[in-house]
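Shared between the two complexes below is chain A, which has chain B as its partner in the first and chain C in the second.
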Partner chain A sequence: MPASRTRSRLPHPGVIAAAGLISIMVAALVGLASAGGQIRGPAGSASGLLPSPYLQGVVRVAAWQAGLSTVLSLLLGTALALALTRRSAFPGRSLIMAVITAATVAPTIVIIFGVVTVFGRSGPVPVLASQMGLTLPAIYGLHGIVLAHVVMNTPLVARVMLGALAATPNEHGRLGQMLRFSSLDCFRHLDWPVIRREWPGLATFIFLLCFTSFAVVLSLGGGPANATLEVAIYQALRLDVDFSRAASIALFQIMLSLGIVLAFSLIGAGLPDTSGHMAARPRPDAGSRGLQAFDALMIGFAVLLIAPVVLSVLTGVGQLHSLANRQVLDAGITSMILAALAAIMAVTLALLLATAAESGPSGRSSPHRARLIDLAVLALLGLPPFALVTGLFVLLRGQVSLAGAGLVLVPLVNALMALPFVYRLIAPPLRQSTERHGRLAASLGLEGLARLRIVAWPVLKRPLAAALALSAALSMGDFGVIALFGGGDLVTLPYLMAERMGAYRIDEAGAVALLLVTTAVGLTFIADRA
Partner chain B sequence: MLELDALTIRYPDFTGRYTLSVPKGALCAVIGPSGGGKTTMLHAIAGFEPVIGGTTCFDGRNLETLPPALRPCSLLFQDHNLFPHLSASQNVALGLKPDLSLSETEHGMVAEALASVDLEDETRRLPGELSGGQRQRVALARALVMRRPLLLLDEPFGALDPGLRKSMITLTDRLRRQHGLTVLMTIHTPSDITHVADLVAFVAEGVVQSAGPPNEILKAGFSPAIDAFMGV
Partner chain C sequence: MLILKLLMAAILACSLAAPVSTPAAAQTKPVLTVYSYSGFTGKYGPGGKIKERFEAVCNCTLEWVATENSGALLGRLRLEGTGTKADVALGLDVNILAEARAAGLFTNHNQTTADLTMPAAWTDPVFLPFNHGHMAFIYDSNKLPIPPTSLKELVENPNGPRIVLQDPRTSQPGLSFLLWMRQVYGDKADEAWAKLKPRIVTFTKGWSEAYGLFQKGEADMVMSFTTSPAYHIGAEKKTNFKAASFAEGHYIYVETAAMLASTKQKELAHQFLTFMMTDAFQSAIPEGNWMYPVKTPAAGLPASFADLIKPAKSLAFTPDEVLAMRRALIEGWQNAISR
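Showing the complex of A and B:
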């Protein structure tokens, strides 16, 4: 059987993809290292790899705001999820669920717009407060950042926790009823085990998001005092055009973030799963008067905090006609092209990596290879997009224009940033399919595309559609990497929205925000029902 | 005596209407095809199904207005009977006090219940460290400490090996006799239970089609539906 021997010596396409992925990461690091050949602190003093006092300050402030945002988001999101789990039927529950979903997928720039519109100087909250004789602090600064992060992440926590709580076996709720569980017993035996399991992964993920936050800090930070490392890299690249300093900060950030990811994987925490069903279950403690009041308070508070921000995009309804111009059309087309490219890249990479992880001898998966690939994908979480793009841009510098580099790097980096989430949608069903049918497929001699079509496709078509929609939604709303390359010929909808906000054309920005949220919610609807 | 009198449950795709009498202290095996309404009947007796008509009486007392916590019955499910974060003895202790603040006497009751199901050496183990049969025995021990006279078993031994299944049924029968329990047990393989059951109820299409002593009900030719179910 020489033909089959020859075929078996060829590396699996997924292994080539994994090698390509690692090469991109290494290339980014090489680019950073070459630019930062003489690594120095932002103040210009040679300081080796040790962070300068400036960087130490940035890390301290970023860690503080990220920690605060994480704790508040976890507490509020979990309380909201518990309240919604206990209240399985009340008027408006489905509306609240829709707001949670919309807030989870709304692009960052839209949340910023909402926070400024609702909590900004002339927004309804400060106006109402002043009528009551209260003076609220300006939105720009640490509290603005934390507020935006809490508004962004509370719905995420609520969605993950609702799915996890709904996955508790129905029998446990019935046992609670039979065993006369009090409210406290319900929390102790039904809820706490779920919280204890979900919080480490959620906390690490949210901390990482807030610690590397860019758009929120740039827009609401109110100056360099609250900068994160991402903002510092952006300032070094875009404002000071100092590649060496950007590289040194990026290298420092990679080390920090990879450390967090390593801790993340050591505690065995996984990426938060937002795909769980959020169905309500009958609860033994639903009748408690005290909990009814607490739940009403929690739902009311969360809704008052989140809903106005999400609904602020409705200010754009009156300006929908402003969308009918060449600028918006071009930005929309650019966004769609970049999102489609990013989605195709992310899903193709995830599929190749997942099939490589599952292709072992005799139709069985190879645990070591699977673990290695899982770790490589997880490592992307620790690779800040700006660090990645900075390294790659340094390598491309002089070869292509800024816009040309953007056209390549924006979808590539967006795809890589979406990859951990997309991989999580695709790898588990493929793994399950291999466990169930791997040996049968091997015994029938099914390999390559035939195996993919006959064995994997039936279980993968829905996750693939969901993955395409999710990665497209993430890319459509991106206002990170595009901030570096945007302008001139390369303008996306989030970039255009930020420009309009900067020019105080708030209603027109609202119209773009409405378009962005509608697209994101539409794509999520497809992803959820795929 | 447990008496179901036209106990009615209705879903869009299923209607159950059950009439059945089980003498006090008897073991009634509930058999029938999958989807025929056996589980629904047990869950309705336990108070977990929305009943739209009829009555459930035990010892002359109508249970319909009582919530599951106040009914005189314990229900064992096929799976998920234990909380995975609690040890075997803590899972049993839940039957006495859900906040687990037991007195010395109550600790003794838990130990005694675990000993009666031959698990005195496994008290500290978590459910994940126990075999399927051991997990169901822990659930049985909890039902014992709850001291409720009606034990409802919803195919709790269905996933066990045939030998283990038979020994669990023998254990259940022994506990029933020791504690004077009335037992309703759904089961897929009637031959497992004919030696201990006082009564067999054949449930299909949401109705108790036949009920009586095993040697009568399971006799070939008694009912075409039962013959078809038994593969005779």
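Showing the complex of A and C:
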């Protein structure tokens, strides 16, 4: 049959997408490196050999900081998820989740100022502490960075774990009820297997996010003792204008990131499951008094830690009237268009990659290919957006204007930045559906789009909605990429916020922040109900 | 690499399609493209007024293109090389002029600089200043009634005010303060940093984060400009924000513009640089960019500038000196602060 022969010779579109992903990353690095060769820098900007003792020190400090942030985010996020699983129905549950999820997707600068508003010198926490006779140390330093990272990542962990816990087969819970499981039995037999499966992949992801953190580390770190490689790349690009050095540090960071991914993957477990269903499950241990207290404490603690940081944007309420102008409206529309484009690109890419990971050359799932695609997606976290954009621009210069390139590069790079998050939401449910229905689908001859529509769609509907919302919210909050292209026609809300801050108008910037966070909360809330 | 080519083709197609939306009327007039930074071209910056006033005399269209800051501006011009759309670059600060010169992209301004009202004579043939100011610590006099009167007092008093600074690796004001410390302390600057360290709240990525933290009450003083109080007086009618006057003198901050050698609008670019030295441009600076004009307009400075401190001495390194020692200074600073 000629038709089927042609089909088997064409690579899966997901494989093409993966190849595209890798070539974009390679191209960006090649572009950067070649720029360093072509543009003769001033004397004294010799590219350092890698890794210099300075960079080694940076890696050590960043690894320690990221390790701490990861452990704490995992513990708190998991405890929160367990508590929410046991207390599946209390009023305001989804609103609480939507509000704290905003901490994950809001612009970093909003979180930094939120942390300072709540925990800073004149914030409510130190003031309260001093009334009780305690003196808290200033927020700046390692603890400040870790605190901000925990605030940003705990909601992500909680979402992933909630989804995973909810996806455990119903029979397990019923069996537990029949066997009169104690709370400890419940944890050991119901929860622990899920935690064990999810933690390694989730830990890799959170670790890389914190390891490559930039603005939080600079602003809350208190000084150059706290640094990440991202800071060194920025310095090479902006202060030294030494592109080849930036490329070599970026390459070093990608290599390290891949090493971290491989190391964690040896511990076991694939990608964490984030298929955020928040379905109610009967829990045999829901009635335990001790657990009721523990859960109340955990939910209370997590909400009190994270929600105030998000809600601190409400200080912008007084300046809301400043939003009523043409410029803000235009920026809002631009933001929405760019975010929608980025979200569609990110979700399409993730879907392609995930289906490719699931369909090996012989129609069965191939673990090697799946692992390679996982690696490619996570490698994106190692490449700072400003390096990616600069590298791509080097290749495109002379052929296009930067303003024109921005129209495509901004949503594309935003999509790539959101991809690791989004892939996390889409790949696991698709894998589950392949495991459950793959053979049946194959025996019925279902392929390509038809298979996606009939087999995967019912499982993917909710994760896709969540992925769209999350990637749109992430792109709405992006400043790193738009900063390189902004101005002219491309003015987004975060760009406007930065511009207002740069012109002393901090209150007006606060009103824009309020608008951004409200949008993020709204998007998440709607997606959860889809 | 096929995918990459396809991607490039897509980007190319989109960017070719983009300029179609330009109004027909604008196409008949020549366009002068000026690269600047977003604070200058934004809603509250002087960019809008300057565009309006220049277009009234040039029979052309002035198009602003904004970058993040001075470093980003130079970086982008170096990336674009001779293929850049820019005719004029406006916003190169004095500390990166050596790199800017080495890039070899700019040509002489051919303007007379003898009559500038700046603290020191300006003789650079390529980079033409358009505004200036001095670095200074800003404080709230309601909260800090008696500020230090010298840099030495700030550094050496262990019970002195707590300050927020910008990171010299990512911010021009941050680098300027590093140079200021070097001016005052010379070879002993690293020791001075170590002494100051306990009272440094944090180093932020840029000026605005630092100023925001100060306004949130995180520090008693913030590194900024002697002209910052003019904003609070002029725009907010608040007189409690003041710049601390330091006996050793203040480090100078100058921003310049230059004409690209590759411009196809030589006459227009030249006309713009001439315009830059007139009252029409210079009078937009004080309450637009909150800096001093380089040539005081005939009408004088606005009332908000009347009570600002006037540094007794202006401190500065030449751009070449800055380039020669920047790396070593940053390393020394890193070691002194990390210890």
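Definition applied: the second predicted complex is superposed on the first by the 290 of 530 C-alpha atoms of A that agree within 3 Å, B and C clash if a C-alpha of one lies under 4 Å from a C-alpha of the other, contacts with A are read in each partner's own complex, and residues count from 1 in each chain.
The rule is short, and it goes like this: a contact is a pair of C-beta atoms (placed from the backbone, for glycine too) under 8 Å apart; a residue touches a chain by one contact, two chains touch by 3 or more.
Note that the coordinates shown come from a computational prediction; the quantities given were computed from them, not determined experimentally.
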item	value
Which superposed partner A:Arg174 touches (first chain B, second chain C, both, neither)	first
Larger contact residue set on chain A - chain B or chain C	C
Touching partner for A:Ser182 - first (chain B), second (chain C), both, neither	first
Touching partner for A:Ala89 - first (chain B), second (chain C), both, neither	neither
Partner chain in contact with A:Phe113 - chain B first, chain C second, else both or neither	second
First (chain B), second (chain C), both or neither touched by A:Gly221	second
Touched partner set for A:Arg238, first chain B, second chain C, both or neither	second
Partner chain in contact with A:Leu266 - chain B first, chain C second, else both or neither	neither
Parts of chain A lying in touch with chain C, wherever the complex brings them together	16, 19-20, 23-24, 27, 35, 39-44, 54, 109, 112-113, 116-117, 120-122, 138, 140, 214-215, 218-225, 231, 234-235, 237-241, 243, 327, 390, 393-405, 407-409, 483-484, 486-488, 495, 498-506, 509
Chain C to chain A touching residues, read off their complex	1, 3-4, 7-8, 10-12, 14-16, 18-19, 38-39, 41-45, 63-69, 71-72, 74-76, 78-81, 83, 85, 98-99, 102-103, 167, 169-170, 175, 197, 200-209, 211-213, 215-218, 228, 231, 235, 290, 323-324, 326-327, 333-334, 337-338
Contact footprint of chain B on chain A as seen in their complex	169-172, 174-182, 184-185, 188-189, 193, 284
Contact footprint of chain A on chain B as seen in their complex	46-48, 67-69, 74-75, 77, 79-81, 83-86, 94-95, 98-99, 146
